[in-house]
Amino acid sequence: MVDGPVQLLERLVDARVTLLLKDARQLSGRLLGVDEHMNLVLDDTSETTPEVTRRLGRVVLRGSNIVTLHLPEASPPKPH
Amino acid sequence: MVDGPVQLLERLVDARVTLLLKDARQLSGRLLGVDEHMNLVLDDTSETTPEVTRRLGRVVLRGSNIVTLHLPEASPPKPH
Amino acid sequence: MVDGPVQLLERLVDARVTLLLKDARQLSGRLLGVDEHMNLVLDDTSETTPEVTRRLGRVVLRGSNIVTLHLPEASPPKPH
Amino acid sequence: MVDGPVQLLERLVDARVTLLLKDARQLSGRLLGVDEHMNLVLDDTSETTPEVTRRLGRVVLRGSNIVTLHLPEASPPKPH
Amino acid sequence: MVDGPVQLLERLVDARVTLLLKDARQLSGRLLGVDEHMNLVLDDTSETTPEVTRRLGRVVLRGSNIVTLHLPEASPPKPH
Amino acid sequence: MVDGPVQLLERLVDARVTLLLKDARQLSGRLLGVDEHMNLVLDDTSETTPEVTRRLGRVVLRGSNIVTLHLPEASPPKPH
Amino acid sequence: MVDGPVQLLERLVDARVTLLLKDARQLSGRLLGVDEHMNLVLDDTSETTPEVTRRLGRVVLRGSNIVTLHLPEASPPKPH
């Protein structure tokens, strides 16, 4: 019943997630894939700064740049 | 009787914990999951700064960003 | 149907990708090769700054310098 | 007769130790547990700065934040 | 037909390469050897800054300092 | 006849060594133990700055903080 | 005929080498030993800054602090 962090991410494929990166950028996108280093593939990605939102499309993100990943609180888990 | 740090965290699933991160942010939340890198899943997470408290909901936190994790001193351990 | 990040990159060999590096440089090039550390080989590489675009030719990029890699949204996947 | 660093720490469970962290904070506490990464569990932890001492209770500390750990010079080793 | 980054470097032994390092130094030299960490051996190495070019002779370079390595675009691959 | 760095340190147990750390602190002490990460146990440790010498007693030092370790030039090697 | 970086260093035991470190210090010494992390043992070591040369004697150097190691161009390789 209790997931580890990577297992939880694997169950969240297709959900939208928001990421805070070490360089203070904030990205949001639909989660397409994840590996054991928390490298992520995101789709429909947008980057938000206090001034502007920029559309980035499909993005591969190195897990080592992530500080926190914010999940939709009530995201229905997919059967796995 | 003596736990290693990760084993202790595994026993604290469902307890509230407070984290001090390398970027000086402070997060509090209910511990939902942990892995051997101290990557954490937190629920009902809030971020506290001297100025404001912000609710973040469910969060995955990369263990490499953690400096210290503060446990509730008298948290009753769950049978495992 | 769901790729991990490195598998997705392997399928994108020959596509053009854009990279944002930790030192804030931005590179674009055609992906020639990738390994499990996300070290990349790029061809026809150009570096873009707000002021100028510089042609770099063939480049090996250490994966540890990558923040995000932006894929062409609708790149046709190659049969593998 | 000669211990490695982690073995020495394992023998010091229940002793009070003082830690200097990379962010210049200084923590003191009773050692409850240690793993091979020098991740520590401390009890009755206090943080000392030139200005103030703050009580933190039970703390998990990531080993990667430690610079030096100061042992009580004459701490009686526990039989193991 | 598709090389990974390290395999490509192995095929480029004897070619001249240019390196951009994390400390912003730029080195050029003839590639003598490479390992799986991208540690390199260079011969006839020179360091170029905006002000001056300095000859360094034979150099071992730690791969972790490399940002990008620029290859001669049309270097004839050696049979392996 | 040729030692690797860690093997040399193992043979120097009981000798006094001086350490330069990444945070520019300088420590001297009698080497009590060492592991494969160059984590060290020192006894009778003192910290020297241009202004002052401070006695620290027994210290565990994380190897990742070490820049250089200075050995007594003519330290008689212990039979192993 | 082609050495990897560490193999080349192993063949250079007894030769004098010069090192540029990440903290911008420059060390020269006779190479006594090396391991797979490029941790080095140097003898007759001296540190050179623009202002002064300081004799350090025998030194263990953590490989992770090395940027580049400069070899004597025509050092006769030792039979191994």
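Residue numbering begins at 1 within each chain, and the chains themselves are lettered A, B, C, D, E, F and G in the order written.
Criterion: a residue touches a chain if its C-beta (ideal position, glycine included) is under 8 Å from a C-beta of that chain, and two chains touch if they have at least 3 such contacts.
Remember, it's a predicted structure, so these values are computed and weren't measured experimentally.
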item: Common touching chains of chain F and chain E; value: G
item: Superposition of chain A upon chain F: rotation angle, C-alpha, nearest 5 degrees; value: 155
item: Chain B and chain E, separation of their C-alpha mean positions in angstrom; value: 44
item: Mean-CA-position distance for chain F and chain B (Å); value: 35
item: Centre-to-centre distance between chain B and chain A (centres being mean Cα positions), rounded to whole Å; value: 19
item: Where chain C touches two or more other chains at once, by residue number; value: 64
item: Circular arrangement of chains, read from chain D onward through chain F; value: D, F, G, E, C, A, B
item: Footprint of chain E on chain G - complex, ascending; value: 2-9, 22, 38, 63-64, 66-73
item: Chain C to chain E touching residues, read off their complex; value: 13, 21, 23, 25, 27, 32-35, 39-41, 56-62, 64-65
